[in-house]
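Structure first, then comments.
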Amino acid sequence: MPLLETRALNKRFGGLHVTNNVDLALEVGQVHCLIGPNGAGKSTLFRLILGEHPPSSGAILFAGEDITALKPFQRIRRGMSVKFQVPGIFKALSVRQNLEIAMQHHYDPATLREEIGALLDFLNLTADAGRLAGNLSHGQKQWLEIGMAVSLKPRLLLLDEPTAGMSPEETHATGEMVKRLNAEGMTVLAVEHDMAFVRQVADQVTVLHLGKVFAQGTIDAIVADERVAAIYLGQATAQEAAHDTSHAQTGGVHA
Amino acid sequence: MDVGTLAFSALYQFGDAFAFLVLSACGLAVIFGMMGVINLAHGEFIMCGAYVTVSAAHAGVPLPLAILLGAVVSGLVGAVVEIVVIRHLYDRPLDTIVATWGLSLIGTQGTLILLGSTMAGVGTPFGSFSVGGYSYSVYRLVLFVMAVVVLGGLYALFNWTRFGVMARATIQVPHMAAALGVDTRLVYSLTFALGAGLAGLAGGLYAPTMTLVPTMGTTFIMEAFVTVVVGGADVFLGTAPAAALLAVVKATMTSWYGQLFGQIGLLVAVIIVIRVLPRGISGLLLRERA
Amino acid sequence: MNALTRFFRRLEGPQTLGRGPLFWLGFVVAVACAMAYPLVSDGYTVGNTVYFFTWIFMALGLCLIWGYGGSLSFGQTAFFGIAGYSYGILTINFGAAYGFTFIALVFAVMLAALFAALIGYFLFFGRISGVFLGIVTLSVTLVLERFMAQTAGPEWKIGSARLNGFNGMSNMPPLTLPWPGGDIVLFPDVELYYVVLAMLVVIYLALRILVNSRFGNVLVAIRENPERAEMLGYDIRKYQLGTFVIGAALAGLSGVLYTSWGQYITPSSMGMTAAALPIVWVAVGGRSDLTTTLIGTVTVLAVFQALTIHGSQYALVVMGAMLVLTVLLAPSGLIFALARLVARPFAKRQPGDV
């Protein structure tokens, strides 16, 4: 049984079909990357999985259970966790407090401190534990948020462009983090642009294009697929236009 | 009472309530819709319009001109307030509300100090007419017409004028509008002044129907709040239909149980509506687009 | 470390200014001074000081909802009024014997909390936040004011308690402590002072513990980033509702104490001007911290009292100006800004500190 499954998932914003009959299945233990040109509907699909938007039709299953009607926090409690594209950290609180808020319900107070310490190490943030999260560098903010998501010990970790804005070194370190988490048994679904990162971590790749599943396979198969190359190459002209209209009509929803 | 007079009475009540809601709320709605700010001194701008109107009328200015003067003075005061206070708080909309509440306190109590606890009013013009043995005020019909005129005027302003286009560009993508050479600060100042001026107009229009006291703004402000909450951020797709809906509730409750229950009915309606439609009516109407 | 010491360790934490021996020494000195105050003053002045104290509970409640939770509740006076009127109605009907006034206090506060739970359910579960929350709560208190103002007629009575419309209710018995050898009636004098002071100390410390607890952590998380808090698995609506109810209960406590203090309550205690005052106290002091809210409230009330000699409308103009200036010049609050200057004893304790 797949850990996460979407069945004939559709989302329309007005006349725009942002998610078009998407069937996706994530096996336990996989690192699955979602790629596609701008405006392909990656972020919308993410928000549907998280329950931030209701789908127009279709179903979402988590570990066999239909979660289509559940609220976001209920999905989180069933074992999902998310890192947003724009870091969603508590900027006015310290790094340690950010993690404490994320973890306090999962550990008893006696072990909480140690667990936070271990996670800080994992994130390379031990030296910055007392700093305000808003004062971290961009890459560190991304890591902190990954840490908050990971601290829930989710079965499924959702990463929306985890390396956006990172240097190549930071991107590589992030990839290593993801691989370690995966080795500990975490299933990962990541939206990512950076192909080096995808190559580093992904077992399986799904290409979205204009809201539809365009291709699926291993990274090598995808790279070899000429049709995929074509949509990426063709996007400079046609896709830009499509992206612009989608932006205007969806009122800022990043599609 | 036969069916015809009953229908007229119901329609009259509805029109009266609709006019009150639209005129009370449109100034607040313009500022909220354009700037995301709730102006808690809204009631004081209404009071300002009423006081100026009545003072001018006492000085011999014809009433329509006096009302216009009330609106203009309120608008100017609004422009000053925008430049001195609001402008510095654009990135902190919630603080703006708190600051305007401070202005509201200053306005009410300052008026009390300067002008005393009450001011002699002017009588309601035009007298009354009767339908089926019941007497109705002509001026209330004028108010209804004015409410429709204000809505039409705003529609024309925002759709057909240069200012309207610039204002809409500014709310949608402020930095883009700025990059295209729109003076966004000026747009915000003018928008706030427009909202304050509309509040003053409401005050001027209703001045002949009520006693003038420094706290008269609170008579309007609850209705203005609920209309904006139910309507959401769009004046035409929000305020107008919200006012129509709430006017039905208010007129019904008022004719059955009296003025106060009209207001309680409004509040209950609002609380239920926002439970169902968190983004108000305009949110519902715009959802297919959003 | 056992559970009890962990509980008391929450008196200090990342959510409250003030830590370490110096701070707590200052706290003890302040409480001692407050306790000694009646010795160097007369009963009448002490009674007037209690009047200040009665408001602080409402301010602390607003600090919790607004400063910590980030929800704009502009209608705290609604709960103040409901509890005040309830206390009046209950005690006028049932008298003050057998300590009933304190039972009435509890009932009145519970009624205010219940009302808040009802309103709060619709607001928070309807996902109302920000601006709209502020104006709906404000509308609630304005409607209540108008409702009470029109209850002048003789038909508006509950049991033997006339509501009395705009003139308000009066002559309810003050809080009365049952005591062997004769009840102690708590008129605005030294006895009431000590009772209210004790309540104040207990509630201040309890709130410190609350905001430094897990509950408080989630609360500030919601203020900082509600979406992220929800994505950590918290049902933020329940936290917001819980906070709103606690804040309302504290406003209710203020309402009861005020009503008992003056044996008097009027609809205008729920009006636009009355509703603005808690905002002024909390904003000027520094809404994001309990201690600065407390100090700010006492300070602003003292200034207000001093100005009222020249007429309350002048004092209110100054309050309005103070609010505008605070928002423009010291958005986090004047006392808060000062406390940050004084620094270390007022620093917040980070969870990693030992």
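Order of writing sets the labels: A, B and C. Residues in every chain begin at 1.
Just so it is clear, contacts are C-beta pairs under 8 Å (C-beta built on N, C-alpha and C of every residue); 3 or more make two chains touch, one makes a residue touch a chain.
Note that this is a predicted model, so its numbers are computed, not measured.
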Report task. Could you tell me which pair, A-C or B-C, is linked by more C-beta pairs in contact? Result -> B-C
**Report entry** From chain B, the most remote chain by mean C-alpha position
**Finding:** A
Requested in this report: Indicate, using Cα centroids, the chain positioned nearest the centre of all protein chains shown.
Outcome: C
Query raised in the report: What whole-number Å value describes the gap between the mean CA coordinates of chain A and chain C?
Result: 43
Query - Distance between chain centroids, defined by C-alpha means - chain B, chain C (Å) - result: 33
**Report entry** Residue ranges of chain C in contact with chain B within the complex
**Finding:** 72, 74, 119, 122-123, 125-128, 130-132, 134-136, 138-140, 142-143, 146-147, 150, 271-273, 276, 279-280, 283, 311, 313-314, 316-317, 319-324, 327-328, 331
**Report entry** Touching residues on chain B, where the partner in the complex is chain C
**Finding:** 32, 36-38, 40, 43, 85, 88-89, 92-99, 101-110, 112-113, 215, 217-218, 221-222, 225-226, 228-229, 260, 263-264, 267, 270-272, 274-276, 278
Query - Touch list for chain C against partner chain A, complex - result: 1, 6, 14, 214, 217-218, 220-221, 224-225, 227-236, 350-352
**Report entry** Footprint of chain C on chain A - complex, ascending
**Finding:** 50, 71-73, 76-77, 81-82, 84, 88-94, 96-97, 100-102, 104-105, 109-110, 113, 129-130, 148-149, 152
